[in-house]
């Protein structure tokens, strides 16, 4: 119960610090006989990898994944799959200053309060580097879900600038450095973010993840509801401060007759006339698209001086130099996708356990 | 892993359907020697009980809790505490119509899709009645937290009408049927909700829960972060569609220098100059107030006809008569408080396990 | 993690003390659509019930089970099943003496050491009465396993007197008060136990449980091996001091060529020429009979005075009057059966989760 | 719930196959600020390492452990500790024969039945090589327990030849290749095992593990009893077929007055006049020595031909060449010690969680 594992039947355990020799993840509960090779995982890691545009950290990590166990002759064996990613580009000296000073908005102070010790190099365990493990686990989760389930994330808001839903074009998502489905918004964001970066500042974002093809019936009432586990998954991602499903906070403003998705009979079962529910009713998937959004705060690693204290309680100011992202929300897109994949794979296995005989 | 339990060290398991003989909850992991009697739990159940104003369901349930185990001579023994609440006012006939017709926006259809069977009487397991078990467990969680930790919930938004933060008065919360801390807003809501009720409609709401006096160091990186567990707890409550911590979704609109809470040295340790973090950094409590908000959708049990299908796939319309709340968000206030208490008690015990020797 | 729950996917949580108003168990993770009524559970409870012969405690408990949730129209719904058994024949005054004196060989002293408080009435939570909950959960587990799996327990040793395996007759098991499959041994035991009872003493026993028809493939390497979970299940039963699988401790005396069960090709798959493995290899069921034995110590509730201390550390002697079993091993037979059923049902569901698609 | 993790608060997850690139273990839940370096773990791995006498497999593995995370500046940080042990001496060609033929008494057949695939090289996941991970985790568990708790294992029986308890000398344990505390027995075993090895056969053994200095109060009634968790821990070790606590199976032959350990008042609390309970009453530690024994079957990897079948169901015979131990019980001694350490560390943390405030 120490917090480094996620999931129940499909369960992964991550380890590693930003500036240790490596990070890694052990994925347990994977059914056997699934074709799996390193490239299957590398594909998704590459989408998350920093240093791909001027809007993500310039740390250059190849993030090459190695499979150390659980795969034999190209297929999973049912044994735990251990994945290792070596840390290459650690410039620990960049971080020597923060050994003694708490960065506001960072976990520096709380790790010290909790543990009485902290690996301060690059944020240690609290570094966004840990999210590579989530993406690697997510790659395996996608294999369990199979090609019927398609999970896609994108950014819908940078700062206060939202995409225009009428201009939503899935093909745009991979054509800009923001995973932005609206070409015009992407153009605006490029300008805005360049200015923010130049100012040594940072900005928040909102990410949306959609899963299509999810079978109905996933989710366990009443505490392990599908949306409850998704909320936990997303909120556990670094810098996330809010999660919503379907209409989300906007549902608070609706009347009952506006919010409830009406149902009609379709050729292959029930058809819903809208999706305010975000694909989940009573904590159980309906078969509609699962729609999740989460808010990412602006990183606190900025060049603007902020007031803070030292480890021994002295007041001071700090400017965080290092190599940082002006918008950490960008890299959160593949991470959010991966976490949704993991929750769905877990609940798929859970549902199989009780439904197999019917 | 079947979903009816919540928590790790402080762990409760709820059971029961809306129209069965009783509902109940087994609370395990409670330290011994804590004074506990039925009145300690009844106090909180009474706050949640329906039928207290015209704005909550007219079902009249005394909701008397019985302690069946785990308490001896007025104190907890460390054994599991079994709590029983008998169902009294079940009018099952009200629900016969919905046996065959799926109510849009309800879990009727997903329970059938998942289980192939559903106790349709009063929503069965998906009924808001289950939340009484959460409130009962929360009462015990508060005992573990002790009087130092104060948890208070209130409604901050009804439909699109928000409270005025400048008029926030804690004393107001218990003076109106909405747990509303702004007297003027309460007056407006009274009018609005009366109209909505008269129209046979319903409306959503946003609830805020604040925990004061939470010790720093609670929360387990990186997946069982305190905010991740809170997000799961809140999203697991019936009708909740969104959860946010501290600045929440608004954080997406902030610059790094606006969002990061600056730190100064105080007489008893670090002092933060703001609380955008909502009391949690890196998944660990800072010692500041924990601030959580969640959005509650409008109930789908309304008198306005909605299109739907029957169990055997025939298209029809439905009007949900029964006895319902025009704003289920009201009763979600004590439930949200209880869930926050449970998460905090669990993480307090988890932290004790690793911190005891220092 | 507080210890009152057993299992992972098929998971039950028991509660209640010997002399409280009731005991009960919540069984979660039961697949839906399984026919279930109170009589299905009562049948097994009746086998365990005390007071059926002069060799079990004279406490007269009807042990009537009530289903409070999770069953609708005669079938399971997938919701948690809450079972309640009221305590009727509590003579708490019998136990007033032991409030202050620790009975040697009992959990009196350790509950006080651990919790600083103890419900001393009838052994409280440590009473064998708790095992009724295991039997009730086991009845549901048998339903999940289906009629293909047959689980049968019997006593193979009373004190140092073993059954003659050549006289093993399954039909005998229900013809004597010992669940003894050897009629001659049963006759001897009757005499021996009468004398032991008359002397105010007690005696230990060895129980064997066999499960036939268990499908191959159950058990999760490497820590949740089927035999590991069985060992935990049996050792968790009151008074059990040893567990063995197949050849068990005798395997220590064998040569490799004697112990390894040779394999031949049969009409329906592999056939083993012996079963020293007890149906489990590498922690996974082979399809052979699962064979488990466990040793039950003699109860310490005897009329022979024993040296002990009081709660406040004063030396004294104690004679335990009350109503007790001269051989608690007898009643352990249905309990051992139930626990094996629960482990098998849990692993059946776990295996379904990963095997369903092949 | 996939089976590769052990423990609740102190929880480790092992991975790796005998002939993959490496094996490893992630240990989560370790309190911070504990001094820890690789040598602390290496010390215990060296005790288990094969190839140290002619009575253990001649596979030459240096078994060098690397700490990849969770330790900073020589102390634990509270983050998961990832340990890696590279496989060096893999002679996979030795195992090509067994790719197609099931070794009787091995997990070959059950892995195929369960997973439909198996990494046959060196036993893959079912190899005793996995136990190195247990020993590594146990080394960290010992650090949590501190020097007050001393855990010592030794062999008490080889085949049917038992040690003489009157000749028990702890100093002897490290003076012979059997961890045998009786010098005369060790001399006899040397001769016997040499003959068995020469004959290409193998033999079983019984191991005893004793933990001194365990504080009273550890263990969670009623399913996570200390002895129940110990039974699971031991039975999960490769080749173990039986587990007993204290008097164990011999308790079945005792009378109540013989078995119950009488209590007297001592200068520092209760003193027990005997230890048939093995240090555990009602699933909770008494403060006496914890005494556990387990039976290890003879390995099935022998040079004597045995009847079996091939993967495609053809009848054949097999002789297992490779490099094997004539008595795998020898190497089980440090593994049993490690598993007991892990169970005790886990329950120590669990007890701290509920006891800290008293």
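Should a chain be cited, it is by its letter among A, B, C and D, assigned in written order, with residues numbered from 1 in that chain.
As a working rule, contacts are C-beta pairs under 8 Å (C-beta built on N, C-alpha and C of every residue); 3 or more make two chains touch, one makes a residue touch a chain.
Just so it is clear, the model here is predicted, and its values are computed rather than measured.
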item	value
Greatest separation from subunit A - chain, by CA centre	C
Numbering shared by both copies at the subunit D-subunit C contact, with half separating same from different	same
Between the pairs A-D and A-C, the one where more C-beta pairs touch	A-D
Where subunit A and subunit D are represented by their mean Cα positions, the distance between them in whole Å	39
Mean-CA-position distance for subunit D and subunit C (Å)	26
Rounded Å distance, subunit A centre to subunit C centre (Cα mean)	46
Residue numbers of subunit D (touch at least two other chains)	1-5, 8-9, 14, 29, 32-33, 78-79, 111, 114, 116, 125, 221, 350, 354-355, 358
Complex contacts: residues of subunit D adjacent to subunit C	1-6, 8-9, 14, 102-107, 109-111, 113-114, 116, 125-126, 130, 157, 159-160, 196, 201-206, 216-225, 227-236, 238, 241-265, 269-270, 273, 276-278, 280-287, 295-302, 304, 306-309, 313-315, 329, 350-351, 354-355, 358
Contact set on subunit B toward subunit C in their complex	1-5, 8-11, 13-17, 20-24, 26, 28-30, 32-33, 66, 68-70, 72-73, 75-82, 111, 114-119, 124-125
Touching residues on subunit B, where the partner in the complex is subunit D	1, 9, 29, 31-33, 78-79, 221, 349-350, 352-358
